[in-house]
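Got some structures for you, see below.
Presented sequentially are two complexes of chain A, the first with chain B as partner and the second with chain C.
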Partner chain A sequence: MSSEPRFQGSGVQLQKELLTDWYRRLAAAPEEGRKVAYLFISGNVGELLQACGMDLVFPEVNALQCGIKKVAGENILEAEDLGYSGDVCGYVKNDIGMMLKGNRMPHGTALPPPDLLVCNYAGCATYLRWFEALAEFWGAEMVVVDVPYLRGTAGPTEQEVDYVERQLHELVAACERVTGQRFDESAYRAAIARTKESEDLWVEVLHSARNRPSPIDAYFEAVFFMAPMYVMRGTEGCLEYYRALHREVMERVRLGHGPVPEEKVRIVMEGPPAWPHFRRFWEMFQDWGAVAVASTYSKVGGVWDLGERHDPADPFRSMARYMLGCYTNRNWAMRSELIEHYLDEYAADALVIHSVKSCRSFSVGQADLRERFIREHEVPTLFVESDLADPRYFAEAQMKNRIDAFFEALEHRRMTAGV
Partner chain B sequence: MNRGAPSRRLDGILSAARDEVQDVEFTALRERKRTDPDFHAVGCFPVWVPQEVVHAAGALPVAVWGGGDRIEIERADARVQSFICSISRSTLELGLTDRLDFLDGMLFGSLCDVARNLSGVWARNFPDQYVDYLHYPQNLASPLAPGYLREDLMRLARELGGRFGVVVDDDRLQASIELYEGLRARLRKLADLRSAEPWRLSLEELQVLVRAAGRRDPAEHAAVLDEVLDLLPEREVRRQDGIRVVLEGSFCEQPSLELLRAFDDAHCFVVDADLARGLRFFREPLPPDDDPWRRLVDGFLHHAEASIVRHVAPHERTARLLERIEAADADGVVFCTAKFCEPAFYDFVLHKRALEERKVPFMAVEFEEKMSSFESLRTQAETFVESILFFSEEVVG
Partner chain C sequence: MYAAGIDVGSTQTKAVVLDEGGRIVGRGIRMTGADVVRSSEEVLAQACASAEIPVEAVEYVIGTGYGRFRVTAGDDQVTEIGCHARGAVHLFPHTRTILDIGGQDTKAIRVNEKGEVLDFCMNDKCAAGTGRFLAAAAEVMGLGVEEIGPVSLESTERLKITNVCTVFVESEILNQLSRGRRREDILAGVHRSIAGRSASLLRRVGMEPELTFTGGVARNPGMVAAVEERLGLAVNVSEDSQYMGALGAAIFAVERARAGASRQEASR
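Moving on to the complex of A and B:
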């Protein structure tokens, strides 16, 4: 067997092509007579809307891309000029700022306006406020799929699943009204079958981090790996991507390759990344040979690694279950359990919590997570703060000091413990 | 009775209410818990929690709405990041310092991501309490919404009732609804009275009477309010000139009493407000119904004031604000928003657009519980008043 990687980078290339096609198609939607739905990532119903003949826009993904491409800052200022406070979610402000400037993505594509705003309200209350604003500014219709926030740790009740499932049928009716097209049930089923297969592959990629060294960084890389799963789940392209990614990652396992030259510390990451300073943020961990072996953020689109799958035999009900179980809809105790499970399953040495100002949905309760893992589990835990969209909140020197001090102490502890 | 007696009586009632709502030790309720082993109390975080269900299940619903300016934050600072509203921090402080150990439970209702996550933090820190986050339906266009809410209210009644050894039947719930309806009817009257003659009852006084409703037994407080309603017309007052405004944005975290006083001092009369919205959640009486569950559910769906507690068509909250401005014959709007309160900020932008379009004057202030200087706020309010008076004179001239 060759020790040279054959598939290295093939996922990246394919993803680029898929996304380029995706945006090209989207830009042409109004001209070509296709209706456009805007929706959220967490608990998204992309397959269903596509089977209604709609093209999809994910404002969160746009915000993330604007963050990485360093244009979120200007968009945010634009929204603040309109009256949005410095203290509201940067994703929302980015989106509104972008809209005010012609709704153009950083790579130039002008996004079509929404024909329907589908607020798949799975957890984050900001989702409601965000689309209420878009409904007002665009003069577009907004529908909500109400997903009850989970209580306890046993997962959703059957009544809750019923409640969501039945709303999905109502959503189909709303889409049919907007598009004037019939919902294509067999296309939906076929898409869900592809989704399931993609989920299986994606979970294997995530699980590959159990290896030592881990072949992937389950945070800094996974946030890119997850993109097709979130944006174009259920499509042929998406499935093709996960086949390619899977091949690439399994090859890394075979060759013993990982995201850093030498894996020294295995960490679990909680919280979204600092998109506007992504590279710098990652380097601060790479410098210490730290590899994320699991992360909660890579599950915002779905927590499939716990076994949940879309099911072509029951495409509506499994969709409802999926929506109820997504990360933003999990309460503190469930989040805490998940992190505990990750620390254990992936044999991690430490927990890193990145608290972002924009996202209260993630950040409120993180201090209690920190306290729990330090006190009750004696897991070294680092807590750092910045933002996921607004570049103003990234204090680089301070961030670096904290990260360095943490890993230094960890290293020292290991030396004295003789590990 | 001599001429000063009604006035003194009124002052006594008001100062008792003021002391009670500002008492971060919850002395009266603790005392009651100490002396009556059958007394149960369940804390309710703003905005709205169905008090009737809690009451019917055998507990007093107690508004736990932060510590205002009466509490030092020592322990909660480390738990709640600096960019989060003060009510979440001070409420947690109340809990962490054992001031809420008389509570049997704590309820949070659909509101915002902060309150939602706080419910989880609460469950972790106070494992002996019954802690629940009530998810209210947000897809009100769906015919499924009433059934969902009904089931969830029944679940709450079962779980709470189970804890207190009570079966919540229709009669019990109906009786509790009547009690709270009675309380709300009086609060509405009081607000109307203030709106008609703002100088007769100050905003601060109205606020303490409303907030006391969140701490007291509903029948007892209704009796107190009856007395207030009797005494107020006899109060010796002087008519004052000023402007009439609707105050918006204080539905959850409450501004301090001192802050509210600043508006009256500036003759900026708040004649309609979303202050303490949860205790005045229904904008009109709940129509009678033999089925008390349906009565509450319909109340939520059709008779509740527009607020972020439930998602309605995007225009509706703004439309309601405009209606309220009209109904209150208001000259303008004061946005009085808790610092870091994200939902209020979202509303602000949409409301602001509508006001600008209609040329309704407005001013905006942000507050924090621990705010201690109100000078600049008073000046801002005075300037606002002057600008409106000057403008209307100009128009008249």
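Moving on to the complex of A and C:
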């Protein structure tokens, strides 16, 4: 077998093509007579809505793209001019601002207005208000799927799964009413089968970080790798993408390639990225040869690496289970256990928490998490803070100082310990 | 052999020159200002002049502080967190926790017996609880920053300054003055309010004695008293507290110069 790289970069190219097609199709939806649903990433019901003939818009994804393309700041100011306070979630304000300015993505696509708003993740109260605001602005129907927050550490109870499953059938009825089309159950099952296969491949990609060096950065790269799984799950394109990505990552393993020239520190990352300063934020870790071998944010769309899968034999119930188990629907004991498991499974040296001002459902409790890992588990833990959408919260000098001090101390302690 | 540390802080730039035995032989200090490169060059020249050695005699220089990458003479950089830790343990070997209050930063650092950083916490996005807070209070009282500490020690009545904002503290002080409160009591309240914020940072890293108080603010006796009262323990304070970052950097510089010399020796 040749040792020449064959698949390097193929995932990036394919993702670009898939997303371009996705947005092109989306822009044409009203003209071509397709109805449009807006929904959230965590515990999303994409396959189900598509089987009702709807196209999908994910406002969170729009917000993060505006962040990366550095237009979120302007959108946020637009929303603040309307009266939104400085403390309101940056994703929400980006979306409201973007909507006021014509609902155009940074790459120019004008997004179609919603025919249906599906609040599929009720764990964040702000998200409910967000879609209520959109429902009023667009005059669109809104459906809330009430997903009970998980208590205890045993996972959802059967009653909770029943409760969510029942609501999914109600959602189908609402979709049929909005689209005037019958729900296509066989299309739904076929999509769920593709989803399951994509999940298997995605999990293997995530598990590849057990290697030394890790072939991937399971945070800074994984947040891009996860995109098709989040926005187009269940489609042929999505499955094709994970086959390509899987080939590429396995090739990296074979060649011993990693995301930095020399892997020096293996970290677990908790919290969303600083999208508006993504590159600079990543560089601060690359400078120290730090590679994320696991992250929680790459699981906001689904924690499949613990074994949960969509099941074509039971597509409604497995969807309900999936919705209940999404990362931000887990209580702190579960989140903390998951991080502990990652530190162990991926042989990580340290934990880094990036707390964001915008998202309380992510951030509340992170300061305690830091103390817990330092004191109870003796894991070196760094806590830094900025935002996932609002560029004003990113203080580069302060951020760099903390990151440098943390890795410098780790490096120094290793040196004197002779490791 | 001589080595130096240059600490480019947000308010002041400091330099320390050490001889081969790790003894301080020279110091330099000036306001940082807008020209960071020039400030760092000047404090090094000043420190060398006080050591009575030419600048060329300094073999290794480490830059620290926010401007560490602009220290043109620097052979390497170390964060001021690492440097304050190192400097504090060098002067007070039983130090396990460090409180550093500088111009815009307050840091709580926990260290091991070698002076290696185990954990640290800093104020975030807000300068309340830092030297800047004291400077704002001094300004509104018409006093110098070096005067407010001794004045605060003359307080006879406990007064609570609730404000946690460096900008709004001025209006709160004016309000207290207009109500006829004595400046000694107001200033003691200001010092206690900073001590309270420092205590919460220290709690987050898990404070263990001994505690060494570093940074320019440690020169303020009112602040030392307020911290000691709040924590209920005596703290270590050095005459060189404001040079602690530069001292730590200089210690790293001596070690690296020695390591470099022994590598050269071995390769001969």
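The definition used in the following text is that the second predicted complex is superposed on the first by the 418 of 419 C-alpha atoms of A that agree within 3 Å, B and C clash if a C-alpha of one lies under 4 Å from a C-alpha of the other, contacts with A are read in each partner's own complex, and residues count from 1 in each chain.
To be clear about the criterion, a residue touches a chain if its C-beta (ideal position, glycine included) is under 8 Å from a C-beta of that chain, and two chains touch if they have at least 3 such contacts.
Just so it is clear, the model here is predicted, and its values are computed rather than measured.
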Under the superposition described at the top, does placing chain B and chain C together on chain A give a clash or a fit? fit
Which superposed partner A:C89 touches (first chain B, second chain C, both, neither): first
May I ask you to decide whether A:E170 touches chain B, chain C, both, or neither, giving the answer as first, second, both or neither? first
Of the partners chain B and chain C, which touch A:W202 in the superposed model: first, second, both, neither? neither
Give one of first, second, both or neither to describe whether A:E385 is in contact with chain B, with chain C, with both, or with none. both
Check the residue A:R151 against both partner chains and state whether it touches chain B (first), chain C (second), both, or neither. first
With chain A's C-alpha centre as vertex, what's the angle to chain B and chain C, nearest 10 degrees? 70
Touching A:Y297 in the superposition: chain B (first), chain C (second), both, neither? neither
Taking the superposition as given, does A:H412 touch the first partner, chain B, the second, chain C, both, or neither? second
By the touch definition at the top of the document, which applies to A:A367: first (chain B), second (chain C), both, or neither? both
Which partner reaches more residues of chain A, chain B or chain C? B
Superposed on chain A, how close does chain B come to chain C by Cα atoms? Whole Å, please. 5
List the residues of chain A that touch chain B in one complex and chain C in the other. 367, 371, 385
Chain A contacts chain C in the complex at 367, 371, 374-375, 380-381, 383, 385, 393, 395, 397-398, 401-402, 404-406, 408-409, 412-413, 416
Would you pull the chain C residues touching chain A in the complex into a rising list? 66, 78-82, 114, 116-122, 124-125, 204, 206
Contacting residues of chain B [partner chain A, same complex]: 78-81, 83-84, 88, 110-114, 116-121, 123-125, 132-133, 135, 137-139, 141-142, 144-145, 148, 151, 308, 311, 313-315, 339-340, 342-343, 345-346, 348-350, 352-353
In the complex with chain B, residue positions of chain A that touch it: 82-85, 87-89, 92, 121, 123-126, 128-129, 132-133, 135-136, 142-146, 148-149, 151, 159, 163, 166-167, 170, 331-333, 335-336, 355, 357, 359-361, 363-368, 371-372, 385
